[in-house]
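Notes follow the structure.
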């Protein structure tokens, strides 16, 4: 009986081992055989643009609603920009604001009235409640007032009323002067929409968005994909593409796999090893550009050991940001950040970089001793799951250099925002990104009015900084003057040691070789068809 | 000598003289079962790894070396290569055994004890107790395990203790059901009625007679569920809710490794294999145990 | 039969109450203010306060509970904070996707698991028996997410046969739905398939020892009929219980599979909802899953009476 | 072990638990599961054919058709999830090329034959809706549906009450006369043997110890074990201490050289422990397996009840 | 045979039939034991015989109040067991023990023989541990087992030996009355003889009173002084074993005796074969339960339940046609 058993057991054990081997090597052998030279940056010589084809773009989170006043995620605004147009928009390199639906505009002396001249050849896409009628100033008034009053995320602040001057001319009246108004108008939430459609669809409007853009809504498959098709009466250049399909793939690696297996043509938000994978793949190329999002470690100004400025300085000097960034972003994707403002913003002043003290563990140890903690202390470092690598390395450095025991608290986004907003987090790592206008960074992160919200989680309160920030938006719309004021703000912030600036992230988009004229923008927004670009498929 | 029995002469007993108690027959039957043997060996290795982790591991598990992270297996002394922070993968997997064993055993211990108690009460007393407890268990069962754990973890926050609590709670209904079924069966046996006729009270009947006779299926179910618990810990870590960095758990290694599968799959593959083999070990041992404890099963 | 269904429906109510209360308490205890999460980092404190007011979050807890139960009775699961749509319609949109995936996985599990179990029971200790036993053990021990990722890497990326993610819509033709369905349903079916094989094997071994199998053989029936007619129908009873439990745990498995394969099902909906503190959705889906679970058990019980006509002797037979 | 059986005759195989009587019956039908059990040697000749040499297919044609069997516990011998009618019709259609309707009428006929009231209604019912006695009647209906030549009854009435047992034994006697089936009656109750058997074979620990006609065995038992068995029967006039066989049946797992009964036999001598006694015909159609019970030598039986 | 040790008066046990509607009051009852009365003298053996479903096992459990009776009383040692609380019952049960039917199911497989036999002593805290071990030695000796069996487990013993362990356990508390519920039915004939002899000797040695319950008429006749015949929850006939076996009056007893297989192949035995099955105790026939199967049944039998009347000597019969059937 025993002999009989042994033979059988052996046979079946072999089958199992082969099964495992197959599964294991599944990992290895899938590394692309061909590891050709990374083509990376330069654009293949594009022939004459061809019409036709549907561009499939992967987005890394599901679009819940496209209603301009209700959407919350950045991914939703990417779809909205292909369907609707705003009055003005940022240029490709975010350096200046260019005309879109508005051809020209002027600001009153008291900076409280902005008048815009509108294009007269703009038509809405045909929908259930209108058959593609002409856009008028009346529609602009309706859309902007709707946004200022009802937008959940306040995408148009401080607009008192919108006045229709003529068929093609409107004027915005502000409660008080705000130089950042134009920046706000570029937001996806301020596109012009037809009244009949909005009221017709009611709360279903989020799934049946109608605008004046190059593509119109075709199918909204909840949680799976959104398909758009070319809008015939588009006022701008005629799109080459027949349509666009945005597919939602939440798992980043799966997104890259989908690109490599041909499920999708363009992958947004490429991070980590996927960058290397795409660079190595012959029929893919990776376009990168320094982005508008920064990462930093916030130091609590009011509670815990970091109350004392010396301790904060010690911590800042004890974190080797260069090493951390290289450790976390092993395949590129970020560079050392010096200021609480991205380089892509016109407010960036590289001369201030020098005032940020370099990595010096000995001096840091000495400063910490002076601060009253010669042998370190125990604290907590709050972070959300996606930034665990940064926290792990930072905590390790603080332990090695200052013997500070920072217990890493990985928490849900909800818990994180609750703890930090209430100022209860001694240390936390967070990111920030908004429009290129410095106000949307410095005001949100350092103005005392923002204490209690996530931006000013460390409870920073400096009256001079407050005054400067208010003057920067109220006194002038001249960027040069505003830039000088923001420079002083950043100088003071740097001296008060509020942040330990970590990484300045870049925007990376992977795409198939046959995707031509696709312009990657620093604010990771997607413009497929406008004066500067008109994407086409070379296959 | 007439063939009529005289008075009560002690009956000649042809039983084999040597002492043959029940225990060693179970053990002997277990050893004869090849698959159970393999299972036991795997479990033994796991115990050795976790107890002697400091000796076996080649490097301190949390020592970072960012310069050569994700290096291939075998590169400069790292038997299985390094993870994305340059920490030695082999050492982290060895230390990971501790987490898996602790979670597996404590979670099932917690869930098992509470579940068995509830099952005993529901099965033995029946009536409204049975209805209440079983409705509660249905309620817990209706909660898909993953969601229950996610909810628990978000409330209590991640961390080893909370993982054990979440997985333990999720296992209570399973044990309650198994024990209740077993108690209902044993309760009908004649020797229970005999004990009642001798005047034994409820607690004696439950703990002296019913529980010992329910132990076999409970132990088998427990071993199987330790395997389940290890997978659950890995699943929770996969969703980012498991053990907190920098502690090494197979689930968290696998979760980190997932992002580098294409170019450096060794991280995910080896942690995946560790989970697979350990769970296989417990399942094999559980299977063998069930056959050994089941009197009808003749090997 | 009808009385059985009525009785079970009556039982449904307390169980649902337990689930509803637990989910209500848990979602309320999760730290993090839904309004803050909804408005994102840029929102200012007073905007968050206004949002809390509009969502009725400031009402005392018991009031929220009462109107939660009240609306529950009318089948209204509330409107989702993120989607601005009634939760019920969200669920009804996604449930078919999860159902499709689970049914396919269940079908694969049944069609392969049960015959494998039967054959390995009839050919005990043969090579086939050992292979099935070991493969089923490996199947039960295989973490879904590892298997899922491996399948994708091998079949869709390396070989390029199958799409890696997404569900494909009917509009793109029946074929596309099928090709999208293959990998996720295989991944989801491994654990139930392995469990069915093991349970079928052990319950068949139990049944084959019974007297009526000896009678069947004494009648001169071919072994095939003895096993597939007489033995199988009796072995179905324990199998049904396990099937009931497997289906419910499959809903759990779906969560992982859906995240890996970006399958627009309910599993992912719930995970996102928990992350975004959309507790209305969390409540709705968990309750919905609980109802499904109880209905499945009801179905299993009805199948019991079909498969096994024996009346369960309620009172103790007289000695 | 060997015996022969004539047409329409009933032989009783008597023995205590573990004596191997059930194994004999299942061996005849070739139902011993092949991996563990195996027929070592010897033959089973049925109407000239040696069953041990037949192929599986040939055996299957005989089972249920020419030789059929009924078992001890009516509660578990019928498949609980199929109707009684289904289980009867199954064997009819298996062996006789008849369509469903004819098989059904045949089944109803059989139920009437075995004395089950309202056969049409009962056909559609499930086994759990029948009492113990009724179920055994259904078993008999199934066994005799194809009017087999030989019926093996493995302790048919042990699990039944004495009044129901009487009914079943009467029924089997009537059917034997009507259908001329020979019966192998396996039992541990000598009363059943006296009731319905012409010949009887006493088994102990897997061996035949005595084989004779019923009256001959009763009046002139030869083997010490048979004596013990007869003595320990409680009769209506038994008083005083019950004669009982000391000790316990042997453990068949360990090899025993001599006569299996030796350890418990009052007449055992040295030879009994070393040599196994052959089964010998000591008088007309009366065989016994005991060294000291031969044609020319008789053991003197002490004590015990002299038969009247 | 001296004074009465146990008296059972009009004992009844109705099991409610819970039909599946949750709330309705149970309408139907299974009348398992329907108004039974009898007395047992000290040192006597009362046999109770009847077919399955006649209520004999329920009656045994009613005597010990393992099942609480619906009505009626059980007078034992001056106490009515039916009215005692669980606690008081525990004390009363010391002197009344029961030996169950299935040797393989009545011993806890997880306990050694010593633990099993010692259990009654532990439950009632009799003596110290050492005294109990000594007591177990004696008991094993008395029932024909030896002390090296003490550490063995039940699965290592044959059926006969297991019943001996059961008997040893029953004697541990020196009971006055021992109820044997089908205690030998599961044994082979030769082993049965050994156990019956043992029971007889123990009765003589310890002056025990037995209530011996079985479906095997011969065994009951052999071991009992007086016998009661039960049918569908009622005693139909009671008397000394000669009265019952040589002069049975009740038609059911006659049918029962005639159904016993022949004692020898030579005797020709005409039969009184009963038709049909025992009716279900759920809805027993009206009047005399046996009227449906009784060849002599009259209209009176169908309507009126016959009382248990004295026929002669100690011979009681419950039949309207008493005396005028041959």
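Going in written order, the chains are labelled A, B, C, D and E, and every chain counts its residues from 1.
One rule holds for everything that comes next: a contact is a pair of C-beta atoms (placed from the backbone, for glycine too) under 8 Å apart; a residue touches a chain by one contact, two chains touch by 3 or more.
Note that the structure is predicted; figures quoted are calculated from it, not measured.
The minimum number of touch steps separating chain A from chain D is 2. Inter-chain contacts peak for the pair A-C, counting C-beta pairs in contact. Between the CA-based centres of chain A and chain E the separation comes to 87 Å, rounded to the whole angstrom. Distance from the chain B centre to the chain D centre is 50 Å, each centre being the mean of its Cα atoms. One finds 46 Å separating the Cα centroids of chain A and chain B. Once the centre of each chain is set as its mean CA position, chain B and chain C turn out to be 23 Å apart. Looking at chain E, one finds that residues 161, 194, 197 touch two or more other chains. Among all residues of chain A, those that touch two or more other chains are 5, 9, 20, 27, 30, 253, 412, 414-415. Contact of a single residue of chain D with at least two other chains is seen at positions 228, 241, 243-246, 248.
For chain A in complex with chain B, the touching residues are 5-6, 9, 20, 24, 27-28, 30-31, 252-253, 256, 272-274, 276-277, 280, 323, 326-327, 330, 385, 388-389, 391-393, 395-396, 407-412, 414-415. Across the complex, chain A is touched by residues 34-35, 62, 64, 66, 69-70, 84-86, 154, 157-158, 240, 244-246, 258-265, 268-269, 273, 276 of chain B.
The residues of chain E lying in touch with chain D in their complex are 51-52, 158-161, 188-194, 196-197, 200, 215-219, 221-222, 245, 255-256, 258-266, 271, 273-274, 277-278. Partner chain B is touched in their complex by these residues of chain C: 11, 14-15, 18-19, 22-23, 26-27, 29-31, 133-134, 137-138, 140-146, 149, 153, 157, 209, 245, 248-249, 251-253, 255-256, 259, 267, 270-271, 274, 282, 286, 289-290, 293-294, 297. Contact residues of chain B toward chain E in the complex are 5, 7-11, 13, 15, 19-22, 189-191, 193-201, 204, 209, 212-213, 295.
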